[in-house]
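What follows is a single structure, written as structure tokens, with notes after it.
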Amino acid sequence: MDSKAYERGMEMLRKMVGPDVMEGTVERVAKFSPDMARLVVEFPFGSLYSRPGLDLKQRSLLTISSLVTQGAVDQMDFHIHAALNAGLTPNEIVEAVMHCLPYAGFPKSLGALGVVIRIFEERGVTVEV
Amino acid sequence: MDSKAYERGMEMLRKMVGPDVMEGTVERVAKFSPDMARLVVEFPFGSLYSRPGLDLKQRSLLTISSLVTQGAVDQMDFHIHAALNAGLTPNEIVEAVMHCLPYAGFPKSLGALGVVIRIFEERGVTVEV
Amino acid sequence: MDSKAYERGMEMLRKMVGPDVMEGTVERVAKFSPDMARLVVEFPFGSLYSRPGLDLKQRSLLTISSLVTQGAVDQMDFHIHAALNAGLTPNEIVEAVMHCLPYAGFPKSLGALGVVIRIFEERGVTVEV
Amino acid sequence: MDSKAYERGMEMLRKMVGPDVMEGTVERVAKFSPDMARLVVEFPFGSLYSRPGLDLKQRSLLTISSLVTQGAVDQMDFHIHAALNAGLTPNEIVEAVMHCLPYAGFPKSLGALGVVIRIFEERGVTVEV
Amino acid sequence: MDSKAYERGMEMLRKMVGPDVMEGTVERVAKFSPDMARLVVEFPFGSLYSRPGLDLKQRSLLTISSLVTQGAVDQMDFHIHAALNAGLTPNEIVEAVMHCLPYAGFPKSLGALGVVIRIFEERGVTVEV
Amino acid sequence: MDSKAYERGMEMLRKMVGPDVMEGTVERVAKFSPDMARLVVEFPFGSLYSRPGLDLKQRSLLTISSLVTQGAVDQMDFHIHAALNAGLTPNEIVEAVMHCLPYAGFPKSLGALGVVIRIFEERGVTVEV
């Protein structure tokens, strides 16, 4: 076991999202399968996000585009919160989903926009029109 | 027909890639089906890329991630060239593909890396190790 | 901005679905992001559906198959309503989903059938067995 | 019509899952479209699962991996029940989802784990940690 | 074994494509794995295509859209030939690929167009511009 | 860096495939981007494959099904070689691809079978008909 990657990963996760999002995602997995949680924390968050080549805002754009493209609406909550916390403006996040229209297709982009609308409402975030 | 969107799109395309890449992609489509070419030029490049909300480097990251995620290796050439021309460094492009590992999965990320390796070799681009 | 494509798109949309479906889809997007709504209306509905090469029934078949194949169950409501309004019979719609079994796979075809069952029940549509 | 394949398929299905799961899946389809139900029963369960080349536990692993990879969370209930009934241990099922992490990507594997957690809770199944 | 479904399937296949396409697809599979070939012939072509609910032109549209959407460029040859033989005009086939742009996304639609261009050239088929 | 996971991963890889396959895959990546190679070796092969919950034959079935389902034909070579080396019989591998027909869809299963045919020919492997 690589306890350093795990610790780095948990630190990164706490930097990315608040304790309530952590509880609904990482901690829920950890209670059921600590091994799965460990792998999920260690590899992306412990080994990848902490690399210097790209900053958190750039990584957020990459992640959002991948989630939109694979239609992973259930996993978007975490990463929309993380994108706002990383400093992407609400308008940049909407623009990112819009940019996916021709690449991921309209159905997946519209499905993703539904998640963005819901989270912005929950957090009281507004977009400038 | 929206001739302004088309003109804006062609201008954007010429800004994004060189004439040889244009010939192998847009012009090949235009020769076969001018209508398809028009739609492909107008919507993404005439209406979307020219929007102010995100710059070309950010749009390149979003596009690369979507292409990696859907395994669109045949359409990556254009966008790896465009990413380099937009000012993403070779290392940022490799890091972007690496970031897709947990999201798009390893098979699609490795497939995409194969395209990156080939194009970097063709253009004589080197990554700092 | 291409106001003609937008007007053509809105006209096409009103021809395809009733005001209640419009409200739950296009208008909900327009309230949140008028720009996203504009792109979604202009390109597919203003520039594509209105083209003469295929009629609305043929376009419905193409759309249903694409949605089934990408598992876009949340975006199917609109297009099942549109398919019925375009004149596809309930049996043709079920047969279309059935035809997707070997191409999209059984899980996605069965997921899509669930949407069809629900909408047919909501609209009081019956299939001849 | 191939009544033998249908009978073989129904027999296989009853061997794979209990009457309550059958009712929520196969019988619900059969009530709406007997033809669709017939095709769904005959081909996979009547012609494929009953073949001698792989046993039910091996077929469960293949099915779970395919469902995880295509994000077919709504169709996983049936096959998690079937996997338990075929004799895969709860830990093997969790390990199978974990094995999909690098192949299907983390978002789809985590989405699938959510289904596994729910079904294990419903059936009172526990994993050894 | 359901020899009638197999015979119906082989008859349907011979109606859909010429002997040279048959040799490169069905017969190549049959030589390697007769069981796989049997399943591939029986279910889609013996049990599904021969159903009365939709004609071959409608089924071609559904199939093309599914193949475009899943990026199955290697399996498109067979079905572009079948679409032409079923009576879809070259322009309808191109229009069908165009219709997929917003649904399947531009990369997959452009990838599919590449196959259409190649097959039309091979068969000397021209589109009216 | 977790040098133990890397060493475990390299050991696992050498157990799974011969030196020629290693050279065309892992070593080609390592030459271009040692960091990418490290992540690819450490996580799946160093942390996952070596876990006790499932044996290599079971992991091969899971991997093959995921690759078939996502149409990752270019990444199948490695894993078909690995499956044979793990002790899956040629017939079990073909049966596994066959089992994917209803789940991954026929186009992706047939695409995968093409890879299996080629590798079996290259290795002189025969299936019992």
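To keep things simple, chains are lettered A, B, C, D, E and F as they appear, and every chain counts its residues starting from 1.
The working rule: a residue touches a chain if its C-beta (ideal position, glycine included) is under 8 Å from a C-beta of that chain, and two chains touch if they have at least 3 such contacts.
Chain by chain, the UniProt names read as follows: A, B, C, D, E, F = Carboxymuconolactone decarboxylase family protein.
Every value quoted in this text rests on a predicted model; they were computed, and no experiment measured them.
Participant: Could you run down the chains that neighbour chain A and chain E together?
Facilitator: Shared contacts of chain A and chain E: B, C, D, F.
Participant: Could you compare the number of C-beta pairs in contact for B-F with that for C-E and name the larger?
Facilitator: C-E
Participant: Superposing the C-alpha atoms of chain C on chain F takes a rotation of how many degrees, nearest 5?
Facilitator: So the copies are related by a turn of 180 degrees.
Participant: With centres defined as the mean C-alpha position, give me the chain E-chain F separation in Å.
Facilitator: For chain E versus chain F, the centre distance works out to 30 Å.
Participant: How big is the gap, in whole Å, between where the Cα atoms of chain B centre and where those of chain D centre?
Facilitator: 39
Participant: Which positions in chain D touch two or more other chains at once?
Facilitator: 35, 39, 43-44, 48, 51, 66-67, 70-71, 94, 98, 101-107
Participant: What is the shape of the graph in which nodes denote protein chains and edges denote touching chain pairs (line, ring, star, complete, other)?
Facilitator: Per interface graph, the chains form a complete graph.
Participant: State the interface residues of chain F toward chain B in the complex, per the touch definition above.
Facilitator: My answer: residues 25, 28-29, 32-36, 39-40, 43-44, 66-67, 70-72, 74-75.
Participant: Touching residues of chain E toward chain A in the complex: what are they?
Facilitator: Spelled out, the residues of chain E in touch with chain A are 101-107.
Participant: Contact residues on chain B for chain F in the complex?
Facilitator: Answer in residue numbers: 71, 73, 94, 97-98, 101, 105-108, 110-111, 113-114, 117, 120, 127, 129.
Participant: Which residues of chain D touch chain F in the complex?
Facilitator: 43-44, 48, 51, 53-54, 58-59, 61-70, 91-92, 94-96, 98-104
Participant: For chain A, which residues are in contact with chain F within the complex?
Facilitator: For chain A paired with chain F, touching residues are 2, 4-5, 35, 39, 42-43, 47-48, 51.
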